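Paired with chain B in one complex and with chain C in the other, chain A is shared by the two complexes that follow.
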Partner chain A sequence: MSELAFFIDYSRCIGCQACVQACAECDTHRGVSMIHLETIQRSESVQTAPQVCMHCEDPICARVCPADAIKKTPDGVVQSSLKPRCIGCSNCVVACPFGVPKYSAEIDQMMKCDMCYDRSSVGKKPMCATVCPSGALTYTTMEDIQRTRRGIPINSWKFGGEEVRTKVYVMVPKAVERVDVDLVQITATPSALPEDPYDVALMLEGM
Partner chain B sequence: MAKLPIDIPAIVDQFGPSLHRVPPGGWNQTGQDEKLVKTHCCFCGQQCGIQLRVRENRVVGFEPWEDFPFNKGKLCPKGVKRYMQDEHPDRLKTPLQRVEGKGYEPISWDAALDRVASEIKRIQQAYGKDAFGILTGASLTNEKAYLMGKFARVAVQTANLDYNGRLCMVSAGAASKKVFGIDRSANPWSDIPKAKAILVAGANVGECAPITTDYLWQARDNGAKLIVMDPRMTPIARNADLFIPVRSGGDIGVFHGMMRIMIQQGWIDRDYIEKYTAGFDEYARVVDRYTPEYAAKIAGVPADLIVKAAEIWGPAPTSFLLHARGIEHHSKGVENCIAAIQLVLATGRLGREGCGYAMITGQGNGQGAREQGQKCDQLPGNRDISNPEHRKYIAGVWGVPEESIPGKGLSAVPLLEAINDGKIKGLLLICFNPTVSLPDANFVRKALEKLEFFVNIDFFLSETGRYADIVLPGSLMEEDEGTTTNVEGRVIHHRKAVSPPVDAREDWKIICDIASRLENADKFRYSSPHDIFEELRVASKGGISDYYGMTWEKIDAENGVFWPCPELGHPGTPRLYEDKKFNHPDGKAHFHPVDWRPSAEMPDEEYPIILTTGRVVSHFLSGTQTRRIGALLDQYSQPLCEMHPKLAEKLGIAEGDFVKVESRRGHVVVRAQIVKTIRPDTVFVPYHWPLDRSANNMTIRAIDPISNIPEYKICAVRVMKTDTPTDRISQLGMEAGGVR
Partner chain C sequence: MGEEPRTDQAPKWRTDFPIEWEGDHYVGRREMVKFLTLGSLILAAANWVTALAGKMMRRSVTSEKMIGAASELESKGSMLFRYPTDQDPCIAVRTGEGKLVAYSQVCTHLSCAVVFDKSNDQLVCPCHRGSFNVARGVPTGGPPTRALPRIVVEQRGDQLFATSVEV
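== the complex of A and B ==
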């Protein structure tokens, strides 16, 4: 069996927050969730999106850290800041293209999702991807995800001029190779979508 | 007395709801768990497997249970935080008695039980046996549900016993019985991902049955088309292949409109209908009137959506229907469900892999608790209390004369009405919070005050428990042992993790303690819930829901057993109707010519807007448990009134404004949430909150004539902008009915 990997499928998310609530139950940081759920624009849609650390191959948070406090494990998991090193400057918080690291004033340290390293390093699934009832967060093998899902997993992003590759994959429609964030929309979004696809009043027009 | 002994803020101060946020020992406690107990979530009918972490007789956390086949470790936020109800500061730990002007004072168990028994006797001697009513719940285990039915008929000997499944599963159950003769989802959930067309009618799956979401998405990833019917674009509707924003109460328009097209296109199985069913022609004659135009008018949606639904459902090789409260909470709830499941029957896509239907039970033991004889018209094994053969069999099991078993009693809403009319003078209530969960809450509160004696068994003092003369501290799910039957009809085992705290007692012991002071005391000498299960097995033998072939050991070994399981060697029955035999005397399934009719209260000039009510993902039912868990309340703190921007503009209401939502029966003041994801003629208010925030202040006390389910999903209201409330109730915490 090949290596287990983390996959996010935003189209499956139901916004239930089981991931956020379960994250706060992890033994290494009990009581504090390291991940969050974005409610995109509730007035327009029920779309939500869970945000875990994407674990960049070349983590920007670590690159901008003046104290060299953010380390990546040999298996590619980007850890929270090292307590003796972190100076609480929040460079990482500002620099992360995914908005993941959070500065905790209470402990004067940056904490972030470490893919439940205490669990995943011993073969268990991260807490969020274990409980997620919709399968929006999944921790499984590449073969399994390719066999069971319609979309394809990609881990290549472009933020303006900055290309980023991540350990965490996102599920996208076939033919998408990279998420271009400066275009706001994924490039392969069908142009046939109506202008406001989630307005119930528009659906009732023609009555 | 049954009146509040002191004012509400003073009660809240002492008994909550208050918020519990930190596990016992604090977030950072170290040390080893003593036990990891494999059991099930206490909340909804999905009954997810979960492991509870236990130290020093305290539940300190949870661990996913990935080997349990139904949810494979998945949980919703309620499941994740459920353990926070353990060690809760609001927990009732000793019997209490009402003291006018002072509140509730502790008394001994013997004094409390003696008082309960003597009040039951006094009321029954003065007003007759049926003047004492019993209301129970569908979150009770099978063992407790069975015990409550026997307790009412054998110890108290009252006909007036009913349960809060009356607010939940009865329309679905009655419809399935009428069409197929059996009240159970026809398939295990593992059939859902194998279907190529899925119709979800009136089920906010993402919020009310979150674990089912993955089954739906698996089906879609396997190429299924998903149709969702709901007045609101729910989380699963957002990505459905076809979303039909049906007007609440207009569902039959969609179902019959689809069927008319299917008949015309030949998308029904004539051979199956001919061989295995009866009544199709009469049904087809009714359906024939539902032209796309007429169907669209009834459903309140454009006709092309109904045509598209027929085009997806009709020719599909395999299909699965899921329905829930959205079509069931109506004064025509049974007819709605019949119309829905006849879409399944007419295609013959039933009783095989990837083909069938399910009703999504809402409450923890929504399935099992409706089979063991705690309904007003029912005996164990889903037997009929009016059937002489059924009565004779159960009388034999109980060792009582058949004629001593009372007849059919009143269902929940009429039972409350009988209290209001002075016909029922005493009430025992367990696992039910009717001042929050029954419709027309102002009426419910007024009726309760007329009771001469009211005893409540619960683990927290609910908003209804505040009216009690005696409160008996019962047990949480994890403080006792027993079985429940999940949404699929799979009987599963809840294991005991900890003992009830201090002087609280297991519910079944409390009932047996009361019974020991009443008639037939010798019929209630159980030493454990396992004893009760062994009797339940025998009582269910030969009934529709036959558990006779089950043992707790078998349930454990096989991760649950599906009923019917009539013999010890029987493997259980995950999928019904594989033999195309139905449980009617003629062996056939029966079509019924149901027709659309208006809801009890349609919008008019004075009250021009439709109110529909429902749930949010972080709360469960009347909120007695979830409004006490900080993390869940934080997620959705107070009820909001969802409305479309078009309606908001017409009413001059902006996001976050306080609005008064008012019906002919009552009102709430809540904040507005303006969203494009709801029909412009409809507003939505979730019902988990009490008092001035209770959506049921507005709902109508109209019930389905067959199932007696209340019409929670539609009543007429008006909505207006209002000032920020400043009264004392509004200043309470949001968990207690306050508003911010």
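== the complex of A and C ==
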């Protein structure tokens, strides 16, 4: 039996907000939800996608922190910012390729998903994974996920020239080995790109 | 965008501020000051609590106990007894002025038993030659710095009763 891991299956998300509510009940950040429930192409679809911290092997949020406030535990969980150290500069918010850290102006501190470390460090499921009714957020073993799902779990991403490996897995169709995320191509002209009114890169190009 | 040459050697500043939780031994100035302040306050409070608790416990002794006969004391000059419990040795003395006094026999220096020195009219601890004034129990020489706890004694006819401990 391998160790427990976190799996996100975006296609299974039904947008019920259960994870958002459960996250707010976590004892480490009571009352504040850390999970992002994104709507995708809202005008055309009701599809939503949950985003928890991916817990990068080389966390860029911690690398860019000038106050040394973000730490990674020996089991690979990237923690929320340390209260006495965080200076609220939002470097991590800008740097994270997954858009996970949230800056809270009321307490002048960054807060992010810490995989419910009080729970997951003692073998319990993170709050969101306990409530997700469709299995979009799952905390289980690799064997179990391979036995019960059609897709394959991957934890490798490519952002332009930067490869990022994460502790959290994402379910993708079998042929995919790595998720490639194209960065904004500054050199390309809008006309050279395919027409997609929701393409964020295209929107930025046109500005 | 040019590829930056990557080296396995981490720069020194990075090793000083590791991302790994277990490698982080940095203690901030503010945390240090907070620790010192709270630590000092807790120590000071603990001292006060211990002192007050000790005082309260000693005051609560009010039981009466027959300790012996006055005639016995007159004949010997001093008399040993136990008060308030059998674990607390005490000494009753008739002073040169004829006053009846009693003290705990436990020397306040290192807990040896004090004895009555009739010729000098004082209580003497044989261990380190500490001496106490017999009228008030205060130290007059040697290492002890605190007075002997005083036992209040009443005479009723020929019988002597200890009634309380005064610190």
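Basically, the second predicted complex is superposed on the first by the 182 of 207 C-alpha atoms of A that agree within 3 Å, B and C clash if a C-alpha of one lies under 4 Å from a C-alpha of the other, contacts with A are read in each partner's own complex, and residues count from 1 in each chain.
Convention: contacts are C-beta pairs under 8 Å (C-beta built on N, C-alpha and C of every residue); 3 or more make two chains touch, one makes a residue touch a chain.
What you are looking at is a predicted structure, and each value in this text was computed from that prediction instead of being measured.
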Query - Partner touching more residues of chain A, whether chain B or chain C - result: B
Report task. Could you tell me if A:Ile70 is touching chain B, chain C, both of them or neither one (first, second, both, neither)? Result -> second
Query raised in the report: Does the superposition put A:Gln79 against chain B (first), chain C (second), both, or neither?
Result: second
Query raised in the report: Is A:Cys132 contacted by the first partner chain B, the second partner chain C, both or neither?
Result: first
Query raised in the report: Does chain B (first) or chain C (second) touch A:Arg149, or do both, or does neither?
Result: first
Report task. For A:Lys158, decide between first (touching chain B), second (touching chain C), both and neither. Result -> neither
Requested in this report: Go through the superposed model and pick first if A:Arg178 touches only chain B, second if only chain C, both, or neither.
Outcome: neither
Query raised in the report: Looking at the overlay, what does A:Ala24 touch: chain B (first), chain C (second), both, or neither?
Result: first
Query raised in the report: Which chain A residues are contacted by chain C in one complex and by chain B in the other?
Result: none
Query - Residues of chain B that touch chain A when the two form their complex - result: 22-23, 27-28, 61-62, 64, 66, 71, 73-77, 79-81, 206-207, 210-211, 213-214, 217-218, 220-221, 223, 232-239, 243, 245, 296, 300-302, 304-305, 617-618, 631, 635, 644-646, 655, 673-680
Requested in this report: Would you pull the chain A residues touching chain C in the complex into a rising list?
Outcome: 59, 62-63, 68, 70-74, 79, 84-85, 160-161
Query raised in the report: Okay, in this complex, where on chain C does chain A touch?
Result: 1, 3, 17, 19-22, 24, 26, 28, 30-31
Report summary line: Within their complex, chain A touches chain B through residues 11-18, 20-22, 24-25, 30-31, 42-48, 125, 127, 130-135, 148-150, 196, 198-201, 203-207
